[in-house]
Amino acid sequence: MKERTVWEQIADQLRSRSIWMLHYCTGCGAMELPPTMTARFDMERFGIMPMATPRQADILLITGYLNTKTLRRVIYTYEQMADPKYVIGFGSCTINGGIYYDSYSTINRLDYYIPVDVYIAGCMPRPEAILEAFQYLMEKIRKGEADGWKRYKENYEWYKQNQIRSLGEVYVHDEFHE
Amino acid sequence: MMTLAIAIPLIAAFLAAIRKSWGYILYAIAAILNFILSLSLIGAVPSIHALGGWKPPFGINLVLDNASFYAILFINAIFLIVAVFPDIIGKYATVMLVLMAAVNGFVLTGDLFNSFVFMEIISAAAVIIASKRENYYSAFKYLIFAGIAGSLYLIAVIFVYTQTGSLNMAQAAYFSFSQKSLVAITTLFLIGLGVEAKLFPLNGWVMGVYGGNDLAPVILSTAVTFSAMYMMGRLMITIFGGGVLQVLYVLALITMLAGELAALYQKNLLKTLAYSSIGQAGLVLAVLSKGKEPFTSLAYFQLMNEVTAKLVLFLVAGYLVYKYTNLNGIFKSHKVLGTAFSIASFSLVGFPLFAGFQSKLRIIMEAFKGGDYLLPALLLLATLIELTYLIRWNVRLWFEDQVEEGEKGSWRHGFVAIALAIFLVVIFFFPNIYLAPASKMADAITSVSGYINIVTSGLGGM
Amino acid sequence: MTGVYKAIFNLAIAFFFVLTLEGIGRKITARVQRRIGPPWYQSFIDVFKALSKHPFSNGWIFDFGVLMALGGAIATAAIVPMGSTFWTPFPNTDNFFVIMYLFAVGALGMAMGMVGSGNPWASIGVTRALTQMLGYELPYLIVLASMMFYYKTASIHLLIEKQAGGWNLLVMPIGAIVAFISLLGMLGKKPFDIAIAPAEIASGPMVELSGKYLGLLHIMHVFSIFVEITLFVDVFLGGGNFWWFLLKFLIVWILAVLISSVLPRFRIEQMLKFYWGVPLGLAFLNAFFVLMGWTL
Amino acid sequence: MTNSMNEALKAIEIFNPMVEEIDERQVKVSVGNDKLVSVLETLKSKGYSHLSLITCVDWIDDGQLELVYILFSWQDGGKFIVTTRIDRNNPKFVTVKEIWPVARFYERELHEFFGVEFEGNDDMKPLFLELWDEMPPLRKDFDPREYSKSKFPDRKYEKDVIKEAKIFRGEIDG
Amino acid sequence: MAITLISILALSVAVYFISKLSWKVGAVINALAGAYLMIYLFTLKVGSSEVLGTLFGEKLLLTYTNASFYFSFVSMLVILAVMVFAIKWLDSQKYPSAFNMFLLMMTAASLGVFFAGDLLTLYIFWEIAVLSSMLIVPMGKKEARRAAIIYAVMSATGTYMYLYASFMIYSRYGNFNLAEVAKDLANDPSMPFKVTVYLLLAAAGIAKSGIFPLHTWLRIAHGNAPDAFSAVLSGQLVKLGSYVLMLVTAFFPTLKMFQGLELYSKIPSPNYFLLALGATSIIVGTLMAIKQDDMKMLIAFSSVANGGYILVGIATMDAIGFEGGILHVFNHALAAAIIFMAFASVVYRTHTTKISEMGGLIHKMPITFISYLFAIISLAGIPPMSGFISKWMIYQALVRKGMFVTAFIAFFGSIGSFLYVFRPLAGVFLGQLPKKYKDVKEVPAIMWIPMVTLVAISFIMGVWPFPILKPIEAMRADFAISPSVKIADASNWLVRGVTGSWNPVIVFNLFIIGFAIAYLLYTLFPKPKKVDLLAPHKEEGAPINIYTGGEYIYTPDLYQYNTKMYAGFERMYEKHPSWEKVLDMLCKFFHDLGQLVHGWFFRPSPSAYAFWTVMTLLIVFWVRW
């Protein structure tokens, strides 16, 4: 790992204190976020805020299953985010496929396709776990270890190859988007 | 000399009736001769000619004063212009010659019964002309109307005869009628002449006749209308001064508005123009019915402008309507005709740079001076309506997408139309070309004693 | 030349004070919602973090729009007097209309740049913002017009001086209320955050902004808030020294934040109907009172 | 069974259906291939005008695919489940998109997931799956686990996670 | 003056025949003639007077006043720009020769209107201007043919009222001369006469500048006329109307004429009536402009609104309001001309005026876009463009007079203008570029140079407005409108109003400094990555395009938002009463009347004729006996 300049260290400090997240939500995972945001756990006290577009977001929170169809959109969204960007895989389904590990359409391992900085295990993880993960991510950012976005650039060929292996093609044309 | 103006066309008509194929040539010769003749008459103004040596008030006499001189000059000029178009005249040369003779006689005559006779001849010839292109129904309607008008005219003449014991116009002008008989006579004359002068509500025939073929509007709306207007002035102002002029004023204003409104509604080019000429006639009559200078001269000025413009419009329209079935954008192929048409219609509306501006604005100005606020208002309203449909036609003929392929136009139409159109522009800059004759005509018409003097002083000489 | 120094001071105050206030505002909102909320300096972190990121640009008009927005906002913020004649950078140019319309340069720049991104959400957001402008500006301008009529001046520092006898809040209470309601619309605070509406149109005009563009626009927003609230404070809450001004500013801001933290969002027609209903009527009532001379 | 269902059943009696009452408002009607469309049309005319679903069941042992048409009546909430069986190896049937235009999407779906061809419906582009290259995935002889293994690599655990978890819980000694 | 005008009129006919040989040469001659006239304006001495000719025994007088100078300067600025623009633009037109001829004719005629020293001269030149412009209008789109008719009729409605009033004046005072008439009117004791004349004369201006009851022709005529000519129509021809309105409200001493009729804030009720019409036009123009999809019609309605501003400013009868109104003539002329020329450039390349069919042209036509941008900044009245100054002045007057309802309408129009100018900005120039326009190019230099020149003038006048304020102040002094404040204070760089002042130079410099600071910040932080608007763009292998909610969209047209932009707001007034429909009804009424006349009197059978004859006889006898 390269040494960070002073400016980058300052910037990392700032980044760790102001995390704007874009959450990619499927069913059950999304349920855990409202309590995390609202009065009970209040994630805003760490400077974490939900954002509406990938352009403004710093982290991509992936809660729950990704199938081939949604993975394409997630990759697309991830690539639209501005550097530096981080990914949190949420729940066991992103780690190893969860209970549908043998389905013909769900993927089993998120970090095979895009770099994941932090995983949160559990099905589903509690808000405490989420906050814990955020704290961990902040720590990583502060130390300059959350370098998923750099890894994605460096190993772009590898990621792309994996994506194509599972998806065939990432960006598809179909009748509804022409 | 004067008799020749009637005689030449009549003789030509006889010849033409014998040899049909000579018709056009005879017409052309007669028109040229008549025009030269009427020009040469300028030295003879004022004079009278007693036919057959019977002196007025016993015999029939022809009167040549300023009014009748300029009237026949103008009328013969129109006949001459029409002579350029053999294709319009066609087989109707004989009738046209008769018409020419009758119109000249109608204008020149100083005898009431004689004028009735000439009017009947005009009607007869006009009906035949109107029936060109199998326009029989309209011609029939015209015939009925002309018949009614003629009989009323005749009744009026009889009235005059019972009162004065003479048929001479000067005698009638000299005679002082009682108010009641004056009203009766003038009313009958009004209706008799009203048909030819297109007075409301006697103008129902106009749309059918003018809108039915290409010859009728060209000659009827110009020469015949001019003669009718002349006679209207002569009878209503010179001879039976006073009378029903106020009624004429009201009727004329209604004529103006009714004509323009109907023209706004009309969707056929010739018929639109026909209604437009009703409207214009209303304007002229309204101004004429003021019965005094300077309105009379302005009325004739306006009439001359209108007739010139209408001649152009009817020439162009008649030519195009029978050449094409769909007129949209046709001027793209007939630029010269189109330019002439536009100029004539702008002149009719009264845009500056064109003749109509001079006469219309003068009318408004004089009306205001005379304290008449109604005439200008109605005139402007009528002009607004007129502008609407004329612009509509101009835009349609110039700018719509062309439907039919344009053919090569006739140079005769182009030349005559553009020359007259340019003349209209010239008149804007030099209005005296028309205004001077018009005011001379008006002087002659408004001066009763002058007329009587001409006739009486003419008794001695020939 | 002193004008220039004062203008620079204006900008410095605008930046630091308003960013602090934003943090405080978030804290207050959090407390209202029974949360703890971020620290007071959170907005500083947000701005500088945004500036530190590696952004995307959608073409030159996008860049130009953002620069124009910020430039216009800076120019406006530099003119506004801060509560007293002394803190008026350019006494000859502090005309109310000049400030109002110069303010529009920034708005136009933002609109242009954001729509230049080619994203329809941005266009929708901008049209909403413009429509909203039609709502809140009218009552505000009527109130201000009646005020100018009353004092025969449109110069802000003269208006401040004329309030030596009593605040306009007390002279024209109706006008002050209307202006405050309009201020909520100007600030884009809660019932009137139609233009941004993250849940509907993905934060509207800002949808394509990343990194430093977002940061620059945030700074522009900060200057806008400064101009809007300063105008209100100057015109209605009278003069005083600099610290009084800051205090009044703080109070107005907190009031706006408190109101916004408990209200849901209007729809666009509802907003227009709202503004053209009671506030506009009250504004005319105020104008009528002023014409009649019925002021307190 | 409701009255209208009885009436409807009476109306389709001529097609020799095999009727099986599932519950008060659900009746399963099995008919032959050639009579299915007639039955559907009759039922539609009897008020069962809403085509809720077309689906398919794979009877791999019988070598048959069972097409299931679920019709619903908005009058009394009755439901007819009309089924027919077609050959599994040559899955072809006729389209009902002339009766219910919406059927074309269901038929596309069936084509995608079971490989059933519908004659008369030419629009058989994939509807849900993107870039699918295997056999139709809902057929019983398709092995999703195999497919998943080939396409979506699993995480290779270097440690025995279960054992570690047991150690963590204190069940065994590590 | 007379010789120049007449020779230019004659030249216009010559230009037609020259253009027949080569329309390019004709267009160049036009431009040269325009340039000559522009220079000629500066050589003329204010106050000089000349006789054009004699008509009906009255001298046709040409006088050169400050107002003549100002208005003809503005006109020539616009016309000259369009003439240069047309040199290239004409190759997209079907009738270049006629266009050249009528344009030059119209130019001479409008100058004649401004030079006219009496009512009749004004009328003559006015009619020539109307006629020649009316003949250019139908050269545009298909709808333009109807537009020409409506234009002619509306214009004539106003003109004939004006003519009637002129002759009323003449029959009363025996004089057409404007200065004399002004004197006579001031001393006339008959109030009904003065009010009638005033309103009738104003009717011409109302019709021409598109003030409320006669505004409907603007939409259709401006929207469908040949594109470059729309610039003249909106930038120059409607200003003829403003000139007449200025004559009747300010040149005629209305305050003195209508003493005792003051309605509110010392404004006489006839003036107030005009002011109310102006205010109504602001509302109508703004609301209608907001909902237009056709960009030219949109700006046509904005012309209605801005004509309203001019009228409101003039009719306040207040020094600063008057100057604001007059300055707005300049500002709107320039802005509208630039906008319409920009649109003409767009149409020249894309052949459509529908906003909903375009988008993203900024990347293809940047100079056109910049011109349009500056023009709308001026039109919306945002500093540092010149448009702000005039609006500011008008507001000052309204506030000073305490006219809150009018002020409300003025503010409404101003804010509303943000809404409608944004619509073409976003719909035409910004956003996604439809695939069919991917080969569109910027227009040639000869077309954008006039636009950019006008932009530069408008911009300079926004930063340093004192040169243009000078003739306006002179005009104000001529008409003796109170209070006499010195508005342009060039020595202190100040524009003074009655309720304060501002310094355009400082404002401009501040904006520059603000922009510089912003640029500094911009360069300080990480460089952006360039992203295409839609097409997946492979840079470092990663496709990055704009945010599409996670969906791939390959068709830019689907991702362009340019229809129903203000749907929420439009819905609030979608059931508005339409004045156009009222006028259509009037039209239909006349049409039906024509049908009635036709059916009653002109169609019946011969027997009915006999009936009518008898009826006439009876009526005449009944009346006369």
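The first chain written gets the first letter, and so on, giving A, B, C, D and E; residue counts start at 1 in each chain.
Everything below uses one rule, namely that a residue touches a chain if its C-beta (ideal position, glycine included) is under 8 Å from a C-beta of that chain, and two chains touch if they have at least 3 such contacts.
Treat the numbers as computed from the prediction; the structure is a model and nothing was measured.
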{"item": "Chains contacting each of subunit B and subunit D, listed by label", "value": "none"}
{"item": "Most widely separated chain from subunit E, with each centre as the mean of CA atoms", "value": "D"}
{"item": "Chain separated most widely from subunit C, comparing mean CA positions", "value": "B"}
{"item": "Top-ranked pair of chains - ranking by C-beta pairs in contact", "value": "C-E"}
{"item": "Chain centre separation (subunit A, subunit B; CA means) in Å", "value": "96"}
{"item": "Distance from subunit C to subunit B - Cα centre to Cα centre, in angstrom", "value": "78"}
{"item": "Computed distance of Cα centres, subunit C from subunit A, in Å", "value": "36"}
{"item": "Of all residues in subunit C, the ones touching two or more other chains", "value": "52-56, 121, 202, 207-208, 211"}
{"item": "Multi-partner residues of subunit E (each touching 2 or more other chains)", "value": "544, 547"}
{"item": "Which chain pairs touch, all of them", "value": "A-C, A-D, A-E, B-E, C-E"}
{"item": "Residues of subunit D touching subunit A in the complex", "value": "125-126, 128-131, 133-134, 137, 142, 144-145, 147-148, 151-155"}
{"item": "Residues of subunit C touching subunit E in the complex", "value": "7, 51-59, 61, 63, 66-68, 70-75, 78-79, 90, 92-98, 101-102, 104-105, 107-108, 111-112, 115-121, 123-124, 126-128, 130-131, 133-134, 137-138, 141-142, 145-146, 148-149, 152-155, 158, 202, 207-208, 211-213, 215-216, 219, 267-269, 272-273, 284, 287-288, 291"}
{"item": "Residues of subunit A touching subunit C in the complex", "value": "11, 14-15, 17-18, 38-39, 42, 44-47, 50-53, 55-56, 58, 80-84"}
{"item": "Subunit D-touching residues of subunit A, taken from the complex the two chains share", "value": "68-69, 72, 95-97, 101-109, 112, 162, 165-169, 172, 174-175"}
{"item": "Complex contact set, residues of subunit A against subunit E", "value": "53-55, 73-74, 76-77, 79-80, 153, 156-157, 160, 171-173, 177-178"}
